[in-house]
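Shared chain: chain A. Partners: chain B in the first complex, chain C in the second.
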Partner chain A sequence: MTANIREFPGTSINEQDFDDGKILYNFDKLNGIYAWDTGIGIGSYLASLKNGVLLGSHCKTCRKVVVPPRTICEWCFRPMNEFVPLKDTGIVNTFSLCYVTWDVQRIKDPEIPAVIDIDGASPMHGIMHMLGDVDPQNVKIGMRVQAVWKPANERQGSINDILYFKPIEEK
Partner chain B sequence: MGMRKVAVVGAGMTKFVRRAQETPKELSWEAAHMALESCEMTMDDIEAVCLGTAPDAFDGVHLNGEYLSDGAGAWRKPYMRSYVGGGTGVFVPIQGWYHIASGLFDVVMVVAEEKMSSFYPHAQAAFLTIFDHTTERPLKPNLLWIFALEMNRYMTTYGISKADIAQVAVQHKRNAADHPCALLGDANITLDDILNSEVLAWPVQRFDVSPVSDGAVAVILAAEHIAKRITDKPVWIEGVGWTLDTAYWTNRDLAYPRYVEYAARMAYDMAGIKEPRKEIHIAEPYDPFDYKALHHLEGLQLADRGKAPELYSDGTASRTGNMPVCPSGGLLGVGNPIAAAGLMKIAELFWQLRGEAGARQVPGHPRRGLAQAWGDLMQVGTVVIMGR
Partner chain C sequence: MTLLNRDPNSPVVWNGELPVTNRYTYGLAGEKFFRTLKDEERILGTHCPHCDQTYVPASIFCERCLAKLDDWVDVGTSGEVNTFTFLHVNLDGSLREKPEIIAFVRFGDGGLIHRLGEINPDQVQIGIMVQAVFKPASDRIGSILDIDYFKPV
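Moving on to the complex of A and B:
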């Protein structure tokens, strides 16, 4: 930094300053409630999840099958309106053993988020979901997994209609 | 292409702190004021202002650009806030650059500010809304997931160990010990400190992550004829590049940041750089996580795929090495007030290339440097090349 700058601006404060009443603040809560329309691509995806099927879409020009399905091909910018059912099995592309929740609470048993390349989609095309029914220490990239579905009468047309993916027992 | 030359002629920054007493406006003003002082200019000399700040959610204010406008000196001036997630800090000087390169303005002030501490209980929860609301958010993701998932894929694809990656955190935090604005500088930190820190989302541990911070940075850009009147040490913006990859992040290769490659190639072409590994003397890749510095060095073509850790283990990346990486201390050491952190890298190159970086000065009169940032949901790459 230029040699003539001795003191940089910015005042650091900490929790103690709040407890001591040195800092005044205004506490407020934002209230955001939304109802998102699912549209045509994702709407079809959710409807098919309700029926226990993972759906992708196929671009005839690029010869790609993507998941989740969408109505526009990003590669050629043409419509992509051919939906194709995929298998509910796949390969663990990557995973994490997560010991904190979304609001930074510590947890003992890790959540296992993963990207799962879905069988029937183009290579390296997958979805994010959770792994379950597995010892966290035994999860490996490249492991084959299968969706564990909610019972049919409890499905709501949501990504949570799949509870998690679990390893396929190799014969 | 008929573009005018643009130089950085002044820079200023606040300390990066976990929680600042100053409001976002006050932080912006402190940095802007200091940048103006550094080149003996006043607001009357500034024709337009570019502001960079990341999600509105941190401040809880919609139209955050307008909210920050008085602190950024925007009153009665052409003014616009740009936002490309974490890439903002290196995009906003690009915005300023094309204002001047195009011939529209001669002098532009670029301000980047972030105050993350206002969000309760933790700024991390503000990131939940970057995930797709229908297909991903019902899984209750947190921001760490995507980094952990990408890091694991990167490690597994190339057989890179946790220790290979932890040396990045060690070096950056040690470098930051020499930065007067740094939040997490530590001259004595060791590899074991990193590897033994709390596991958050394996393979990501606490010291692999940059801290939530508050801070602001500002730089003054000027056209050639003005720059040469203001200073005998202008630092030129020689190349810029930016690219967006698919937002369907689970539908692409996570081990290699192609969008960084495209952004870098755009910038190298503009700067006339054919052999980046020889022609870039200082690299400031974006390092919110230690593995990201490696990932980005590979995307920037400054290392072969999977080989970036070697730059650290053989000393190339150290401050006295052949291609110092993050001599500032980076986001891991100085801190990560998102947009301000990217612009901090531009300010660092400005000081380094002028020989004004004090204890952090890279020896050997470096001639050219590169700053890069990355953001959105892991798919935007922004690159600026500066030289003297």
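Moving on to the complex of A and C:
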């Protein structure tokens, strides 16, 4: 629609005008510092990520294993029964090839965010992470992948302790 | 077993920072207003002949009749204190030794909110005339803070 508009109303300015001092402006940086209570479930998840383990939680009533772990079952609303360590392998549930970064920079090699169903969790239960070490054209739904971890001494209890997931070489 | 206890090794909070920045341009009227303030030490307003209103800071449209305004008027650098307040606490919550005096100084039918200086707090009254004290030209950046403070005439 906008392609048909030759000239937009208003006064157009560009980056060069700011650099040349043609335009007065006020630059401001808002205070965006926050602290988010991790709670019992995610707190334990982050603590075990530091040890190189993906943690889930199990509801005996519904026979569900969810990841990341929650303390309350989403189906029966009863307290979950136990934490269960899961494997760091899984199946690509869905993925995207992103040629634009979060701050709107164009990139040549795409970032590949994917939802990965973790082995040991109930079917269709997984986490979102990045795929790496793979040709973007070869990424397929259903592909088996494995986590690539940071070295143990660099882990800080964050989801970024997993660098990315890479395809498992089929033998 | 229910999951009631926090893993002793778990982080209590997740700390983060949202990268929020903004760049505000002043618009057509604001650009001229601040440019004149910076380069010529003058305060400009715009006058609407239909409504007989003088807007300070300058506005490009009359907010009463919505007419476009191009009658720019110099309103001088001294105005009357319309109202004021004393601030005893800094932004970070610490107590100030001397209060900061913030006043609304009337120009035309509008005015500017700014700080008062060179004045004893108990001398501040509604109705006193104050005059703008500008920063040295080299320190001015095209902001309302190019006026350092207002002092009594």
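Just so we're on the same page, the second predicted complex is superposed on the first by the 141 of 171 C-alpha atoms of A that agree within 3 Å, B and C clash if a C-alpha of one lies under 4 Å from a C-alpha of the other, contacts with A are read in each partner's own complex, and residues count from 1 in each chain.
The working rule: contacts are C-beta pairs under 8 Å (C-beta built on N, C-alpha and C of every residue); 3 or more make two chains touch, one makes a residue touch a chain.
Small disclaimer: the values here were computed from a predicted structure and weren't measured.
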Touching partner for A:P110 - first (chain B), second (chain C), both, neither: first
Which of chain B and chain C A:I13 touches, first, second, both or neither: both
Chain A: partner with more touched residues, chain B or chain C: B
Partner chain in contact with A:T38 - chain B first, chain C second, else both or neither: both
Interface residues of chain A shared between complexes with chain B and chain C: 11, 13, 23, 27-28, 30, 34, 36, 38, 42, 46
Chain A partner contacts - residues on chain B that touch it in the complex: 13-22, 27, 30-31, 34, 38, 60, 120-122, 124-125, 128, 133-136, 138-142, 144-145, 148-150, 152-153, 156, 180-181, 199-204, 214-215, 246, 248, 250-254, 351, 356-358
Chain C residues within the chain A interface of the complex: 1-7, 9-26, 28, 30-31, 34-35, 38, 141-143
Of all residues in chain A, those that touch chain B in their complex: 1-3, 5, 8-14, 23, 27-28, 30, 34, 36, 38, 42, 45-46, 66-68, 70, 74, 93-104, 110, 113-115, 124-130, 141, 158-160
Residue ranges of chain A touching chain C (in the complex, touch as defined): 11, 13, 18, 23-30, 32-44, 46-48, 50, 57, 69, 71, 79-83, 157
